[in-house]
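Got a structure for you, written out below as structure tokens; questions coming shortly.
To keep things simple, chains are lettered A, B, C, D, E and F as they appear, and every chain counts its residues starting from 1.
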Amino acid sequence: MYFYKEDLINMIVPDKPDPAAAKVLQETLGGQFGEMRTMMQFFFQSSNFRGKEKKYRDLLRAVFLEEIAHVELVQNTINQLLNGAGDSNGVGNAGIDGAPLNDAIKDANPHHFIMGAQSSLPVDAGGNPWNGSWVYCHGNLVADMLNNVVLESTGVLQKTRIYEMSTNKALRETLGFLIVRDNAHQNAFAKALETLGVEWGKVFPVPNYDINKYPECKKFVDMGFHNALFNFRLDQDLLGEIFNGQTPSRNGGDLNIMQPPVGYPVPQMPEMPNEHSPGLYDLNN
Amino acid sequence: MYFYKEDLINMIVPDKPDPAAAKVLQETLGGQFGEMRTMMQFFFQSSNFRGKEKKYRDLLRAVFLEEIAHVELVQNTINQLLNGAGDSNGVGNAGIDGAPLNDAIKDANPHHFIMGAQSSLPVDAGGNPWNGSWVYCHGNLVADMLNNVVLESTGVLQKTRIYEMSTNKALRETLGFLIVRDNAHQNAFAKALETLGVEWGKVFPVPNYDINKYPECKKFVDMGFHNALFNFRLDQDLLGEIFNGQTPSRNGGDLNIMQPPVGYPVPQMPEMPNEHSPGLYDLNN
Amino acid sequence: MYFYKEDLINMIVPDKPDPAAAKVLQETLGGQFGEMRTMMQFFFQSSNFRGKEKKYRDLLRAVFLEEIAHVELVQNTINQLLNGAGDSNGVGNAGIDGAPLNDAIKDANPHHFIMGAQSSLPVDAGGNPWNGSWVYCHGNLVADMLNNVVLESTGVLQKTRIYEMSTNKALRETLGFLIVRDNAHQNAFAKALETLGVEWGKVFPVPNYDINKYPECKKFVDMGFHNALFNFRLDQDLLGEIFNGQTPSRNGGDLNIMQPPVGYPVPQMPEMPNEHSPGLYDLNN
Amino acid sequence: MYFYKEDLINMIVPDKPDPAAAKVLQETLGGQFGEMRTMMQFFFQSSNFRGKEKKYRDLLRAVFLEEIAHVELVQNTINQLLNGAGDSNGVGNAGIDGAPLNDAIKDANPHHFIMGAQSSLPVDAGGNPWNGSWVYCHGNLVADMLNNVVLESTGVLQKTRIYEMSTNKALRETLGFLIVRDNAHQNAFAKALETLGVEWGKVFPVPNYDINKYPECKKFVDMGFHNALFNFRLDQDLLGEIFNGQTPSRNGGDLNIMQPPVGYPVPQMPEMPNEHSPGLYDLNN
Amino acid sequence: MYFYKEDLINMIVPDKPDPAAAKVLQETLGGQFGEMRTMMQFFFQSSNFRGKEKKYRDLLRAVFLEEIAHVELVQNTINQLLNGAGDSNGVGNAGIDGAPLNDAIKDANPHHFIMGAQSSLPVDAGGNPWNGSWVYCHGNLVADMLNNVVLESTGVLQKTRIYEMSTNKALRETLGFLIVRDNAHQNAFAKALETLGVEWGKVFPVPNYDINKYPECKKFVDMGFHNALFNFRLDQDLLGEIFNGQTPSRNGGDLNIMQPPVGYPVPQMPEMPNEHSPGLYDLNN
Amino acid sequence: MYFYKEDLINMIVPDKPDPAAAKVLQETLGGQFGEMRTMMQFFFQSSNFRGKEKKYRDLLRAVFLEEIAHVELVQNTINQLLNGAGDSNGVGNAGIDGAPLNDAIKDANPHHFIMGAQSSLPVDAGGNPWNGSWVYCHGNLVADMLNNVVLESTGVLQKTRIYEMSTNKALRETLGFLIVRDNAHQNAFAKALETLGVEWGKVFPVPNYDINKYPECKKFVDMGFHNALFNFRLDQDLLGEIFNGQTPSRNGGDLNIMQPPVGYPVPQMPEMPNEHSPGLYDLNN
């Protein structure tokens, strides 16, 4: 069973509204290699795990647990980018005759304004809805772990590309955190394959980049987050039997399990009267 | 952030392998009105919530948290139904010449044997993959709550229909538990609408059935689960400001918040050599 | 604007419940070349028509109007095939312990029992939902008319194949009627292309079959339905400027416009208590 | 059977070409909560209706009939918005070297220029094709009616959001008419639930807006269209047994059945030589 | 079996980077009437051909073989349009702080920069992925050939519309070549229907355009490419039994089979460090 | 450009009609990890390749070329399994009253009889159409090669599972051949990663099986096909710079490039009058 403490796993850095940035960041939420995919893939792989080697199951579940928090982080970041968009007179107060949303749909995902009340959606950067066929769970440990390595590597690859699309600080802080964490998860699944005999040489990290290249990443590297898994278990597990010793990454260092970050407040979002959201302001009067 | 204790929210009752039952039970997992939909819908609604009325957000999150455990329960039930299917000589030991999976695909979802290693998939009873467009999150509190009522009502409706398709005890125990819980969640969202002025008369529960009709439900009704929400929070919330007082259901009783069920073991699943799952048996020798 | 008289365009012939027949007949309702496609394709082509040659627009709308009635006819036929399925003790009265739906899902579409209350769905024989991308409306008259010829030809082709899959009289009567009407519509679009200079030789009907081969067709051929369009207009149109003179079909005869069939009663369907449909029986007591 | 008189249910107000407005208005045509969905949902619900309470079936069919006219109205509005787009030298006469469509694809749906000949498509604002899985028809009267309330409420909610995206008069006139009619249909299904015991309090209309806020709506409210159903039947029905007495809306007033609007001309659209539509101008010379 | 010589079937003409042109040209690659569709449709029709009339099978395969080269040509053209996009300081060298991809996503398909490393994708102009349901292969020769005529006609129709959207020379050269070749394939399938008795009059080419209207087409018409099929067979076939004599097109001339074009170099694409593609530059140092 | 010699890459072994086997074998043709996916993925990866390391591009193209022949082989195998299905009186001669297709749809894909004329379709074992979003082509060489390893490994894994579902010799011969070839392609991409520094230990082949376990495989292993790539180039390439030396597989041996198999006849398929395929029998009389 799953328990919750109302904390985000990283902070939301305020910056100006940016619906174009929100559009592309959707890839990281609802795309084929986004956080909803990683969350659901590791959920199915851990629930469907066969055999006695429980340590692999525990590894899968450990990453799954963090991915739920990643989904929540990206949802909140997209919401931050959409708050105040399309509104020249302050949040939610533009009049009808100004067609206040007119500008917002340029280079934006129109569903952010039609379906979501200027908030996140389970779709990718092209507006395609999340699809269950993306979940890879074939029940063969080697195949599943190799796919997980590809999934995490593609996650980093896409995030570095999206990072360079925008200088918006809300977008970059979140991507910086997630790039480091994807690196840690890449290490986790690569390490699991090392227990099966693979030696990776210098192939990781994929893509081939300097993890300190992005300023937003560096502070997390300094905290050792690229070589750590967080412990979200309220009971004991066998995670440490796999995730220990030398990292499979060129970046070096030892793998270790640590407590989750301290936690950051979940933002209270402003009302959006022009979106009729939440739409209770009159009823309560 | 999300924390985990390795417990199922209800027990898995063993019964004979039954891939046809597994096929239809997929609707409850990956269907348009299944547990993955409820989980993701309430996740998006709580993350995207606007305004100060935090009690509604807390309600949405409370149900979301339980839905994660529901997904895990249905995954494990489907796995139980598939364990040993297609195998006349004991789990996983049938030889090639017997084409041991031959019978299993009659009336079954062939992907249970080709993609999943005889385990659950994120698809519905017709094999259609889960789709993000099903998530309803329009940010208008009344519309969202009405949709949630429809979603939970349809969940019960489908589950009673699937229940009657099979006498398999693993399927019926899980559905019995979920029918009662859907009833509680129907009550939760109906109650939220009562705070906005709606009087439901005798319209609930939808569908119009006797909740004690199914023997597997009765024990949970006796425990009051149809009028309860479970508390999965490690901090404080405002859930009780909505979920209290008289139930909106014809069944009567008062609403209350209680601790989660005691928890049941997550099954260790047998290896499936003929599915090459987990596929490590030789490497370990 | 659209007006309605509660009449089916052909009769529903009773026969035994047959969910496997209902499953394959869905192709004729919600398939890529089914009646929903023809209905929507001719709707878009008539609304989007450009230029002064109004007679083509009137032709498109004439066929569109009949296709609405075709959709309704196939919906009712599928419902007839599903009434009483999965129920050994009379319609809707089987008890729980009998798992009355158990047999019904063999070779059936499980969604007929989970989503529809044993009634029709907007999906094809494989359970794939109807999809708007199937509508061909490119605004070029020749291309659109050629596509319409392919669409109607494929409609007949599929219907003859489905006809031979089952001896159920409800299925065969409806398909017999629709095969003759598709023939008439094939003639209509082929004739439109004759006005643009094409001579078809002996290529029609496609497929190459004897239209009297199926006993259910013959009575409609005797009534001239294969060379007729029905007049559903409450005002005047220019349909007769295209649809007149010799048929483009090897079957010979002259084309003419006639009044619609006399009309047949829309069946009142039995309640299905085990499907909770309509689910009002208790409330009304 | 279905009959037709060549009239639009409301007028098309001319304004300048606006492909960005056409793009977002597609949501109202082919979106998950657009007019094609309402049309097909009420078609399936009326054809699949079970039991003797024919008045509900008649209600469903009454709304279905109007929705066909709504689809046609939105198709014509989108066409109006696309006529003359991408053409600086007058409709259809721009030469090749000017790349006349070049500007048109900025912020537009490119399929409006590639697939449709600058005309409407069965897709939503994001270009996703209409999908049959959106049709809700579970055969349980309460569940179906609740879903219909959500569907009509979401329709109004989206239309008010799209209205504010553009000042184009063609778009606003059509949306103004449809907002009032969705309000009437919301009232119809809410009233049906009142016959089953629900008291709605002040919850309707959803969203919580002043129906006279939009100038285009006011004239229809003055005509009583928000509390009326139109009679498109050529025979008798039982619609009046449900749709009578006090409205369930805060706006007040009595429900009544009236004749359809007088009807407005279906526009003849200009040829588009650069789209090769209809492509007959040379053949006819 | 299939053999390859590293040659493009037409040249790639260099012009400036143009991601908006790349976005719309995707329709020609991965759209419902694009080159992937023609390639796969003729592949399935030739493999699934029934009966002794091998000449039709050979015709289908001849066109299939050329379509593989068409897919490759459009892939390379899209890549040419994307090389250097989003990069003011030379290919791949822009720094992070410039957010070098920022401009590239305006009016572009964001997946060209997130999924493809600025290269082609199997999607259409709206970003919808290629879909197998588009392949028409019903096994009835007349229906299949009629559909092929519609497919090739729609291909030309769309290509002329896309041609007029942009003056980019890389886009126009490729479309000019493909328009002429689609014309030849239209002739091929029309001719096949002539062997079955159809006389086409002046209906072809569809759309009704002057094939010399586009300067890029004229040189290929002068070479007779509009009335030719290329011979990609390493053994003998019966293609000439159908494809000979007078063209079915108004453009006149005789049909003939010729050797493929001489072949043009496959471009070597520049590295894209900011896309981490190929991502080997450091490892090799 | 692509050239063809009318030869299958392996033989079609006749056995009895078996539509259930045809249904599951569709996974190998049109499934997410089937031959159409491998064909298109390597096509896009080779066309989109960036940089000077042409040897990797040549490797990708070499495998692409063979995959076209694999698609053709599986199409022909499915056709062989469907020839004569649903026909008790000899191919294609059953009369109407016998409902000759009746039995065929049990456990079959109904589209094999409605859309295909008892022939192959671009869909998977569940009837889902092939989808372009499955193609992985991110342009990062390491990520692409890792995904290719997963793709080929999953291909073998699924094929061994499907092999055990049926004793039909047509199905088993084709799968036996493809399992060995997938092994060779797994080796090829694993070897490419070895050039980048990875040491695989004993992880390959995935899944962990004895390649001689299936009798149909053994003859190909004896011919060295598991360690070979076939040369389909009519010009020179650099394939040998990667594909040489020791295999990365536990099975041992050296990698080498050899000529393609001698080639086997493409079957001429019988006419299917009851499917109206090809439908020319009367016209030719």
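Here, contacts are C-beta pairs under 8 Å (C-beta built on N, C-alpha and C of every residue); 3 or more make two chains touch, one makes a residue touch a chain.
Computed from a predicted structure; not experimentally measured.
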Reference chain D; chain at largest CA-centroid distance: F
Euclidean distance of C-alpha centroids - chain C vs chain F, Å: 38
Rounded Å distance, chain B centre to chain D centre (Cα mean): 36
Multi-chain contact residues (two or more partners), chain F: 32, 107, 115, 123, 127-129, 131, 133, 138, 140, 142-143, 157-158, 196-197, 202, 206-208, 275-276, 279-280, 283
Topology of the chain contact graph, where touching chains are joined (line, ring, star, complete, other): other
Footprint of chain E on chain A - complex, ascending: 20, 23-24, 27, 31-32, 107, 124-128, 157-158, 160-167, 202, 206-209, 213-214
Residues on chain E engaged by chain A in the complex (per definition of touch): 96-97, 99-102, 104-107, 109-111, 113-115, 123, 127-129, 274-276, 279-283
Chain A - residues contacting chain F, complex: 32, 128, 131, 133, 136, 138, 140, 142-143, 146-147, 149-150, 153-154, 157-158, 193, 196-203, 206-208
In the complex, chain E residues that touch chain F: 1-9, 30, 36, 40, 43-44, 47-54, 56, 61, 65, 68-69, 71-72, 75-76, 79, 115-123, 129-133, 135, 137-143, 196-197, 232-235, 237, 260, 263, 268-272, 275-281, 283
